[in-house]
Amino acid sequence: MSQPVILFDPFPRTKDLILTAEDFARLENLGEVVAYPELKVPDAFIDEHLPEAVALIGQTAMPKERLDKAPKLRAILNVEGNFLPNVDYDECHRRNVHVLACAPAFAHAVAETALGFAIACARGIVEGDQKFRAGSEAYGGSGNQESFLLRGKTLGLIGCGNVGRALIPLLKAFGGELLVHDPWVHPRILKDLGLVPAGLNELLQRSQIVFVMAAATTENKKGLGAEHFSIMKKGAALILVGRSDVLDFDALLDAAQAGHLKAAIDVFPDEPMPADHRVRRTPNTILSAHRAGGIPETYKEIGRMAVDDLEMILRGLPPQRMQKALPETVARYRGKPVSGPGK
Amino acid sequence: MSQPVILFDPFPRTKDLILTAEDFARLENLGEVVAYPELKVPDAFIDEHLPEAVALIGQTAMPKERLDKAPKLRAILNVEGNFLPNVDYDECHRRNVHVLACAPAFAHAVAETALGFAIACARGIVEGDQKFRAGSEAYGGSGNQESFLLRGKTLGLIGCGNVGRALIPLLKAFGGELLVHDPWVHPRILKDLGLVPAGLNELLQRSQIVFVMAAATTENKKGLGAEHFSIMKKGAALILVGRSDVLDFDALLDAAQAGHLKAAIDVFPDEPMPADHRVRRTPNTILSAHRAGGIPETYKEIGRMAVDDLEMILRGLPPQRMQKALPETVARYRGKPVSGPGK
Amino acid sequence: MSQPVILFDPFPRTKDLILTAEDFARLENLGEVVAYPELKVPDAFIDEHLPEAVALIGQTAMPKERLDKAPKLRAILNVEGNFLPNVDYDECHRRNVHVLACAPAFAHAVAETALGFAIACARGIVEGDQKFRAGSEAYGGSGNQESFLLRGKTLGLIGCGNVGRALIPLLKAFGGELLVHDPWVHPRILKDLGLVPAGLNELLQRSQIVFVMAAATTENKKGLGAEHFSIMKKGAALILVGRSDVLDFDALLDAAQAGHLKAAIDVFPDEPMPADHRVRRTPNTILSAHRAGGIPETYKEIGRMAVDDLEMILRGLPPQRMQKALPETVARYRGKPVSGPGK
Amino acid sequence: MSQPVILFDPFPRTKDLILTAEDFARLENLGEVVAYPELKVPDAFIDEHLPEAVALIGQTAMPKERLDKAPKLRAILNVEGNFLPNVDYDECHRRNVHVLACAPAFAHAVAETALGFAIACARGIVEGDQKFRAGSEAYGGSGNQESFLLRGKTLGLIGCGNVGRALIPLLKAFGGELLVHDPWVHPRILKDLGLVPAGLNELLQRSQIVFVMAAATTENKKGLGAEHFSIMKKGAALILVGRSDVLDFDALLDAAQAGHLKAAIDVFPDEPMPADHRVRRTPNTILSAHRAGGIPETYKEIGRMAVDDLEMILRGLPPQRMQKALPETVARYRGKPVSGPGK
């Protein structure tokens, strides 16, 4: 009997980016890995191999016509991270073809950056270094008038998905109340996690640090604007590590410029940002070029997750590590795909 | 009957720096607070009030002759932070006069900074911001080649006193093994805290991040030098938040300059550092002007701790919050006092 | 427009058992709750209301013919706990009708009992009480020769589903290694939870206490027998809180009778057990009449979970609290339904 | 130069009870261990060896006259557990002779028993076993009308010393509020531990389970009586694992007899209790013959602690594991010594 075929189209990732030698060996142990020798895989190559494919690793377009050609298909494992509209998710659901995305692979990296940003805002770490190098440092308490502890403070999370759940244990160690706003999560789930469900305004008013980690959806575009920033405490920090679409970027810069907020920003309306954009000169900000998630360990985790879940699926068990496309929500995501390997 | 006298000589701190109105009211509730109207208290003023004093809040010189004049004295509460050689600690012990220092008040602030430094080193947060402002940022994975997660990593703590114990719960949230080297702490204490006691070399070789938090003592001056840094992993980070005396500062800069280590440095051989010192130009470092501990909340905690412990002592109970001068170790500390309020 | 119909057939539960007044009000807020005045609902009543039903709360038979009559149906919420073969799960999946079971409502109650059993075994609490009442108690250490601490011990979990995940945080507080054997869970998931994946034999050999919490499936019937008990440490404890089918009950009693193991048993091959069954006289056992899960708070949690998930589903979001019937595993469960309310 | 002498008088313990071979070897490594061949050591033997003794392991009488004969003495390590009035603690303090007791060795064992009692009370584990053996068991929910979860409940601790601090992490895993009443601990210490300081009445009124773990002192004799039990919630549980002197034992039995409380009792006004004492017939109680602390692992921990601390002391460092006799409190303890090895 022929081996099951695993069609491998990881664009925009590459095999070497996401798979260690060990994980690739595990993958080969699961079936015949069929890959095209170049990064961009021609449609014909995909079509040729669909009839025998049990799994497709990639963000490949999979409309119903293609699913019809793939009767053995059990799983589509997206190793880029976003659920794009190029897959017929309803048809996949009907056929019990799992469509999975690697977003959880980024969660710990983003969460650690978010915490690092939070402490850096609270303690002026970035600005303190700049001043020291410029010879204008102020020692001890005299350089710390605006510094504050995280310990015991009320902290707010907007969005409680992959990143939020990775961040929560890190924040719990500081002992304060954790307010969470996420309309997609039932309040009882949050309470069971030791969190306090909160309305958006209550969260903004009460939190010393607000972590904005919501995925971009059809529902939350520019959901945070000047009127929201204005009700935050003076000197509070906003940590933006999800998608910049969820807020009014200029209004955020205004709030930082005015000294009302500190802001750490990992995602931007355009990437790269124009060379002369005001953000580069805005005080009270920490700027990071969409670097919160994509570190070497993350990319290898993507491949590891995919192989782990494929192991389960081919054993007749449900996948457990990647994010499942759910019929209720998959069409509401509005993430932008990355444009190249390691982006 | 006259009220007990609490002699208040908080130099180099000030009353307003360390005591909230509420805590000062609590203090006044404990006895008559006797303070001199200026920061520098004359000897005669101290001597005048010693006969009725039950407590002395300050880093005032207290040789045996003065203790002899203070028969009612129960406690000396040092609100600066270091045990200086200007107190006859043995005589205090014999008389059961508690000598207490406020060092624990700084622990959470220093621990949070240490964690912020660690993540900033691991993720290039400071350098990333510099590049973004300069318009030379690299987006996504392309800017992250040297980035690493804390999660699951072996981390090392040199010194497990006040700061170490505040840092440990924060680090435990990352799930990796925590190696600790502290010759003053019994290994079984460390094991009971879920830590791994380690020799200095083992710790340096195995840890992805080394937190140097040892107090300066007669035993550890320049205890870390070039030979120690060389056995650390390439790309590992060293976080220096204790006293700079415990290491060879130039050798640390050499290791950072060579790209062998990343280093976050809060304490320096001279403060302020000379304007033209090489440290200001050394790459792979994060520089902080002794700002890890002395934030507004810390100073208020100093006063709160002192009042808390004085409440216990005057109720006939042992103090519980400040650090006790212990006969075995008090003479071995070599901390330098700060030179002014809020330093 | 007519309100959506929620068909309410909670047999063998009753409305008052599972729903507080507050939760019932929340349910009525979601749609028209249609219930039959007696516990046993006639088929005709079900059939009459299916055309308008958006949700069915119950363990009602739902073959394809009935699903065909229920075009608006979005969810079947089983408030008994087991996935019985009276539902066409594949057809439900195709139609995106969620089939949910209330098993998670029992998790905390069972986990707490399991821990209570474990400590009672480790410390002879049940036997100690018996002796004291009989006047034959031995004081202090003389009554404790076989007692042991949980702290720091290697503990084993067979099965890591709802109950296991509720038990893990309780066991982590004791600080020892937690071995887990669950062929349905990927080892990486276990490692991410801070657990050690283990083969069955390794787990049995190394654990001081073995918690048997596996659901009964087509794969594990009598999966534990005399040869397994014999490799456990002498004096170790086995805590049985899942289904008795997963082990050879007589062999377990033999091991307890021989003094090789201590055993706490909540589930039995027949319930009630015959009056003269040897289990009632077997030493080194703690006996509990299937009481681990079904406490008043659990029953109310069943109703709360169902309303919570129905709230989500009717808002167009996925359910989050009850256990989902998954196409891969739903047909493999072999739980027995309870026979009456509160059983 | 002669080796330092370690005078070994562990009565009522024995060497074999408290020291593993490994720990005894560590002890011998610290000095010449001088022991009398019988359990009861004659005064003359003690007096003979005091001049060279650096440490005394035992609960030996040490009035000032004997201390005067022991100029090299650095530590008295009490391996029984209570600070008896047969030592001149003030003189020891003046000489900086550490007087240490092994009470902390019992903490984890007592804490685990307390938790086991709490769950057993909450779930009727002991009574359930009795009924099952008698053939009168009620299955499932019908046997659980009075059962309750610990999860999320408010729990109260009276006394927050060694046992309390061992119990707290176990209780935190259940996620509810922890009220603590301990007049010897500053409220801020409790808050820093994540606990809620509470007055005695508030604690009794609000807690579902009350853990009585106070040491017997001059201040708390019969501090809990009928009026206190009456304000506890109906069906709440009281866990008594400290000393029975701290409450009115008969009033506690009355409250259990009346069905107002459940009680787990490890300590009694007389041990052994009279054969016909009503406690043996009181319902709603779990009885345990002072077995909470003295298990084999505890006894070995006593010896290990003593050797650990002696290692530190002979290295010129403060002891860290045993409980220090503090001048403020040592005279207030009223514990009764045990009367023989392993008691």
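To keep things simple, chains are lettered A, B, C and D as they appear, and every chain counts its residues starting from 1.
Rule of thumb we're sticking to: a residue touches a chain if its C-beta (ideal position, glycine included) is under 8 Å from a C-beta of that chain, and two chains touch if they have at least 3 such contacts.
Being a predicted model, the structure only gives us computed values, none of them experimental.
Seen from the C-alpha centroid of chain B, the farthest chain centroid is that of C.
Remark: chain A and chain D have CA centroids separated by 50 Å (rounded to whole angstrom). Spacing of chain A relative to chain B, judged by their CA centroids, is 37 angstrom. The complete set of chain-chain contacts reads A-B, A-C, B-D, C-D. Residues 93-94, 96, 184-186, 188-189, 304, 308-309, 311-312, 316-318, 320-321, 326-329 of chain C touch chain A in their complex.
The touching residues of chain D, counted against chain C in their complex, run 17, 108-109, 112-113, 115-117, 119-120, 122-126, 128-133, 135, 137-145, 147-151, 169-170, 172-174, 271-272, 275, 280-281, 286-292, 294-297, 299, 338, 341-343.
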